[in-house]
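Scroll down for the structure; my scribbles are underneath it.
Order of writing sets the labels: A, B, C, D and E. Residues in every chain begin at 1.
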Amino acid sequence: MLIERYIYLAIALFCIGIVGVLARRNAIIIFMCIELMLNAVNLLLVAFSKMHYAVGVAKNATAGIDGQLFVFFIMVVAAAEVSVGLAIIVMMYRNTHSVDVNFLNRLKH
Amino acid sequence: MVPVLLIVIPLVSGLLGFLIKQEKNAKVWSLLTSIITMVVSILGIAVLHKPEYLQADVAWLPDLGSRFSLTMDGMSKMLCLLTGLAYPGIFIATWNSTYKNGYQFYALMLLMQTGLMGVFVASDALLFYFFWELALIPAYFLCSIWGGERRVAVTFKFFIYTFVGSLLMLVAIIWVYFHTPDHSFAMSSFYKVNLPGSTQGWLFWLFFLAFAIKIPLFPFHTWQPDTYEQSPTAVTMVLSGIMVKMGVFGILRWLAPVVPVGLWGYGDPAASMCVIGMIYGSIVAMQQDDLKRFVAYSSIAHMGLMGLAIFVTSSIGIQGVMIQMFAHGINIIGLWIVVELIERQFHTRKMSELGGLAQKAPSLAIMLVVVSLANVALPLTNAFIGEFMMFNGVFGSKASNYHYIFMVVGGLSIILSAVYTLNMLQKVLFGNTSPLTANALDLKINEKFVLAVLLIGIVVMGVYPKPMIEATRHAVDAIYSKMFVKLP
Amino acid sequence: MNAIVISAVLGVVMMFCGVFTNSKPAVRTVAIIGLLALVIVNVLDMGGYHFFNVNVKGMLSFDIFGLLFNTIAFGSTWIYFLLSGRDMERVGVNLAEYFALIFFVLCGIAIVSSFTSLLMLFLGIEIISIPLYILTGSDKRNLKSNEAALKYFLMGSFSTGIMLMGITLLYGVKGSFNIDVIRMGTTNLTPMLAAGLLLLLFSMSFKVSAAPFHFWTPDAYDGSPTVFTSFMATIVKVAGFIAFIRLFEGCFGDVQKQWQLLVAIIAAATLFIGNITAVFQQSVKRMLSYSSIAQAGFMLFALVAMNDMAKDGMIFYAAAYSLATIGIFAILLKMKDYTFEGFNGLAKRQPVLAATNTIFLLSLAGIPATAGFWAKFYMLSAAINNGNVMWLVIIGVLCAAISAYYYFRVIQAMYFKEGEAEPQEVETTSGFKGLLIAIAAVVVILGIFPHWLLDQLHNLFYL
Amino acid sequence: MDISQILFYALSALALGSAIMVVISRNPVHSVLWLIITFFAISGHYILMNAQFLGIVNLIVYAGAIMVLFLFVIMLMNLNAETEPQKNKWLKLAGVVAGGCLLLVMVAALKQAEVKGQVAMLGTGDIGLIKNLGQALFTDYVVPFEISSVLFLSAMVGAVVIGKK
Amino acid sequence: MNNVLHLVWLVPFFPLVGFLITGLLRKQLSKPLTTIIGSGMVLASFIVSVLLFTEVKNGNTYVANLFDFISYGTLSIPFAFQIDQLSSLFLLIITGIGFLIHLYSSSYMHEENNEHFGRFFSYLNLFVFSMLLLVLGANYVIMFIGWEGVGLCSYLLIGYWFKNIEYGNAAKKAFIMNRIGDLGFLIAIFWLIAKLGTVTYTTHDGGGVFDLYQKLTRTDVIGITMLLFVGATGKSAQIPLYTWLPDAMAGPTPVSALIHAATMVTAGIYMIARSNILYTMAPETQSVVAAIGLATALFAATIAIKQNDIKKVLAYSTVSQLGYMFLGLGVGAYTGAVFHVMTHAFFKALLFLGAGSVIHAMHHEQDIRKMGGLAKKLPITHITFLIGCIAIAGIPPFSGFFSKDEILAFAYAKDPLYYYLGVAGAAMTAFYMFRLYATTFRGTFRGTEEQKHHLHESPAAMTIPLIVLAILAAVGGLIGIPESLVPDAHKLEHFLEPIFAKSNEIKMAALPEHHTEINLMVISVALALAMIIFAWVRYSKKPELNEPAGFGKVLADKWYIDELYNYAVVKPLQWLARFMNSFFEKKVVDGIVNGVGRMVTYTSRQVRLLQSGLVGNYVLLMVLSMLALFVVKFFIKK
């Protein structure tokens, strides 16, 4: 499969994630869209990993493996981030009974 | 050794001054310090002629090629002398003023002296910049704490304005630094730099702005009347008597020799600004009712002439500037002293509320008349020498195409200065007394003493200027030759 | 490696401290001593005493630049603990955890100052960020703190996404995450490299709060407990810069000409927005947030110029800026009212605080004879030496003048305005004052002999 | 067009479609469900590229753990109704336009990507196998692996700080 | 070389000492002591001057270099005094008449208290000092010092009664008008320096201005002489800068006599006479000088006809007479001009002092319409005043006749028109002087009873100077009897010959034939006599008491020149100053500076709105910036 298709696909997913961040007001959904962005990155990383594998396999049997390892770390970090992020959102909700980011405007100017 | 002492004495004394909480003691302490500084500066100009006494050079920032190097040439000597002489005079003349937390006032005054001395003796561009800014900070606090009603805003404007200028100068200094052959901030290296004409052009403007704001030249002057008006008079004396000379000094020491081609290229526009400033300052001075603003605008006119004399590039004109820097310092401090005396006695500076002082306080009147006349450069006063040489330089300039126009238009300021000065004298001294001045008292003995010394100085310099000319001649020659040697 | 391991261990130690003792002074003492130890082991690392000979497999590289920076960061943090440690108690009950989180952040800082793999950069930044989200939101019942945390978190994650996309694109071209590999053979910014570079530029700009990616900064700094703002605005911020410089010099140092303009634009925008917006602030804390943005604009000069002077200057800037800002925040923490009016007449009530605060503010404004002057001097010199970006230099100095405007407002309030009769600030100990004076003295000494500190370190190890 | 290509397009369409649904669903719970579908599609891509381990992990960690956590939070907050008030329409439009433009710009920028024409091998190679990945993870990548423990520690402490009453 | 000439520095030194003593100790010294010191110093100067004069008469001249004043590069301006024929003559006039007037003042100013009396004498001494510097200076710069110095003293003395704002204004006007002239002088000096590198008149080695004049181009010499003449018009009250002189009468009368009649105002003539060689080189300037001089002579005379203030009449008469001197200079009659300076000093000082005596007697009444019939009450004053009037009217053998007719004769030779106009002026002079005389001394007394009661002759200290001056005015002209009447009798011309030798070499000013000259004299004397008789008869009987009307009013109001200046120069300048101060300075210059500040705060207020507090907006802005930077990087080709 040609690599540019993966590139376009990943960028499209990535941008959908961005649009989600821009267009939604619910903090949780925004957060989900960010996760979508991360997944787009993961997908592209794996694709590149396979691409580099195809190029380098002759010299090195594990060529391209670092891309997949990176994905692994991204997942690790994402998990940690989610735990903290949701904790913050819950804390916020406890105080304001809302997850609408537009209510977050005490701090401005 | 001498330059180091000139910096260190006021610095140490000023820092210690913060520990003397009693105003009276602080006064005595700072007066003593300033007298010692004065003695050192007199020694420097009159007695110690060996170069090793007049130089100091210590490693400072080896990586940057900057050294803590100080040199006193004729120009430095004279301005150091002015600073040295002015301080005791100011302290004595304002002896009767009291300040809240006075010890801080005196300490800051001494710190400001450190900065001023440093500017005049630094022979390293970075060091120069350092002192240039250091002189400003105490001035800022002095004006803002002990000034008039609008002091905070006014001083702030002064500070920001000059700060902008200095930062632009810093850019120029760094630029030149990178183009010195040996990557050094030393003055000698700066003088060796050979920059192409176009570069010198914009470097000229960067330097020029810094100095023009400080001097101040039209149209960068608007901080000045406000600041002079709002500052405590002792500070105004330092500002107008000494600090504005920093700008002129800077032009002579750093602008002219470093970017001579730029100066040629843009000398005429710069000189035009000066000429406009001379006329403009004079005309606006005519309308002032507040004595401090009056002196401020007249000072703008006079400083404009100094700028003009430099920018038309003539050796005698520059010599005149040297003389005039000193003379103007003395005269304007004298004027401020009188203004301060008037304000302290009558609690007003408005000419319209004064009048008839000549009847009630003849000594004061005489002092004011003489100082004012010196200020308008009447012959046999010190300022005449300077103005004569400066105008002579302007007229005879070979560098400027418009020097005749500059002469004639600038010459009008001679007339206008007479107009506004006489107006002022008439409003303040002559006519009948006003309710305020009906019971005016004459000068006290310390005031008489300072003013008498000033007057003697004014006349002696005006009659026999030769020592001053001799003292600065070499410095002028050096500057002048640099302005012409460095053709790219 | 010393620093990374020890700081992580210290984090764990602090966690257990919280379990085993309820004595706040004890916890604080442990943290302070621990941090001192951290500084020492890091300094020893510089001297060649490596305690942990881990095979890092090309993931990290401990060069003198990074270690020097670590020393400054840890040293600043130590001063910060001394000055403001007591104030953390006022935020909430989890004192030990706060310290633990700060140690984890320091671990992250040690990583980003020595990474050679983009993976480590990513991890390091996340290790810095996640505790900061928490610290920002640590004042749980304060809505502003909540809000700040959520905003910071959402935008931080967003920028992480951007950064990962950038890293991915680089990987796509070069097939490796190692910065040396990425640098190799890069003589031209091909489209995908350029896109990766841009995305990394955006996300790193976000981390160092450079405009137009700075929006989180004022809100997060303003909302978080002041004691942590101090930490975030100083040590963490300059750590971001170290990462930024390492990344861009490491990966794209050879093609600097091709991205210089972009960074210059960002620097100009940062200077402009930071300074301009700070002018109109009513709260000193928020003003300091904007000022930190403005200072970031100057630090970006290092990236624009990217020469030796810039790197030296960056280290110096980090020290000068951190010292002054920590000092100001420490004083701010003693105030009940964070508006400018709150400072009115401070000079009369607390002359020491006012005087030291003045020195710090002068340093931030870049007035000679303070460390801040040299910081700006180096940055301007670097940019002027580069020669291509004189316009940026001029913008820089004009903005520096504007910055004087808002810094001096504080000075004006302290010295020239009449304040309330009764004290508006928390009691301070003489130790606190003494420390402030010491810091101010360092600021001034650095302002007169900028190489003093470095020379001392130098003498200690290399002679 | 062989089967893997068909699968690629199908999965891609599924991923994009469900991603769009994530964004446009009014109900948060629906968004979560659509996102899970997206993750499945992406896992499908992984498997297609012979990265089985990542495919599984993706399902377990993302679709399984993380999304459940999301769902849990949404339920906890009782947000399953379509409670979100209408955001300013213009702002929404601006968001969509901006995102769309970014997509266009990036696509345009990467049209001439230097890797163009290279192939990401589908269904071959064993680098995606757990054995190889594990070996690399505990040799070359041991440092980051250990470091990520610090990350988790800090997240843990953070959760404690935030969560403790 | 005689040693006496080395004493030249004593001449200005005495008055300087007098100034310092009377000035500093003015409160301590009693009035007699002040008088003795003040007058004594001038007397000492006079004695030295006489000694010098006798030496100079023997043909010795001397330049005394006291010290270097301004010396820079090749330019060297020594503080040097030059004693030669011209300066020694002026020394005599200045110190001689100066002494008399000091003496006179001691009595005239007796009403002042100690302090002010001392102040007055110190000013007078300072004036004498400055005037001596002016004439003794061996270069233009020293002359300029004296030049400005006398201006200052004039200012101080006009404003001597400083409580009166009007007087203050008059003083100011004098100083400022003088400064306008001074600027011209100053530029001329610079011009000389630029072209010749020196301002010294002459040196042994031929390095002075008068030695090197041939190096000057035509433009230079015209420019320099014109600028010097501008200086002269200021100091010597010529059109267009004459208006200060009548106002200067605000000062005490001895001041008017000394400064504004006898000495200072003749400085311009001295200067041009000193620079005669340059003027001879510039015939164009000479024509201008002659024209301006003649115009001033006529113009001032017309005004004098209708003035009723005794001092104003004399003031305009002074302006008019100065015009004659410039006419003389303009036609090349340098000796004649100097001669007229001398005779004018005698009779005009006399007239002013006489007027002072009258005013003194009338208790500071100056309006001649309120006088009349004073001849009997003030006999000495009357006689001396009459002598002065005859002298100024040009009736032989009184002094004015010789000097004025010498000038007119030379003018005739140059252009008969000059002569006719000059004679017309002379006739007017005779007319208004005798109008003044007749109204004041003839007829009946028109003052108040109280004034009448107190009328008395002035004390001896005032009358003695009058008598001395009357004698001089009567016989002083005899040193310049024209060749046409008695051959070889013009002593002055022979005496001054060395001064004008170079001019004469180039172009000797011609005199008409002897018989023509005699005819001219007859015409002018006849006209003057006719006018005298007409005025005497007319105003003795029926003095002009009403306010003038019609053209008379125009004359009485001085052709409205002051008003013209007021509207053309003063008012616009004030308006400009107000505009600059209240609008330009505040709104434009400061406005821009403050505007920058305001712009910053305004921008600040706007920019901070970006920080809307909404995450959505933040992200949107970030994305948009990303877009923009992408576009910059990828789609903008450099």
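The criterion applied here is as follows: a residue touches a chain if its C-beta (ideal position, glycine included) is under 8 Å from a C-beta of that chain, and two chains touch if they have at least 3 such contacts.
Everything quoted here is computed from the prediction, not taken from an experiment.
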Taking contact as defined at the start, I'd like the list of chains shared as neighbours by chain A and chain B. C, E
Can you tell me which chain lies farthest from chain B, using the average of the Cα atoms as each chain's centre? D
Greatest centre-to-centre gap (Cα means) from chain A is with chain E
Of C-E and A-C, the pair joined by more C-beta contact pairs is A-C
How many angstrom lie between the centres of chain B and chain D, each centre taken as the mean Cα position? 71
Calculate how many whole Å lie between the centre of chain A and the centre of chain E, each centre taken as the average of the chain's C-alpha atoms. 96
Interchain centroid distance [CA atoms averaged], chain B/chain C, Å: 42
Quick one: chain C and chain D, Cα centre-to-centre, how many Å? 32
Residues of chain D whose C-beta touches two or more other chains: 87, 94-95, 98-99, 102, 106, 109-111, 113, 115, 140-141, 144, 148, 151, 154-155, 158, 162
At least two other chains touched by the same residue of chain B: list those residues. 160
Out of chain C, which residues touch more than one other chain, so two or more? 119, 123, 126, 130, 133-134, 137, 140, 151, 154, 158, 169, 172, 191, 194-195, 218-219, 405
Looking at the whole structure, which two-chain pairs count as touching? A-C, A-D, A-E, B-C, B-E, C-D, C-E, D-E
Considering the complex alone, what residue numbers of chain C touch chain B? 362, 367-369, 373, 377, 380-381, 384-385, 393-394, 397-398, 400-401, 404-405, 408, 412, 415-417, 449-451
Residue ranges of chain B touching chain C (in the complex, touch as defined): 60-61, 63, 129-130, 133-134, 137, 141, 144-145, 151-152, 156, 159-160, 163-164, 167-168, 170-171, 174-175, 177-178
Mind pulling up the chain A residues that touch chain D in the complex? 1-9, 11-13, 15-20, 22-26, 28-29, 31-33, 35-36, 39, 42-43, 46-51, 53-55, 57, 62-66, 68-69, 71-73, 75-84, 86-91, 93, 99-100, 102
Chain E contact footprint on chain D (complex, rising order): 87, 91, 94-95, 98-99, 101-102, 105-106, 108-109
In their shared complex, chain B is touched by residues of chain E numbered 67-73, 75, 79, 115, 141, 144-145, 148-149, 152, 155, 159, 162-165, 168-169, 171-172, 175-176, 179-180, 182-183, 186-187, 189-191, 193-194, 573-574, 576-578, 580-582, 585, 589-590, 592-594, 597
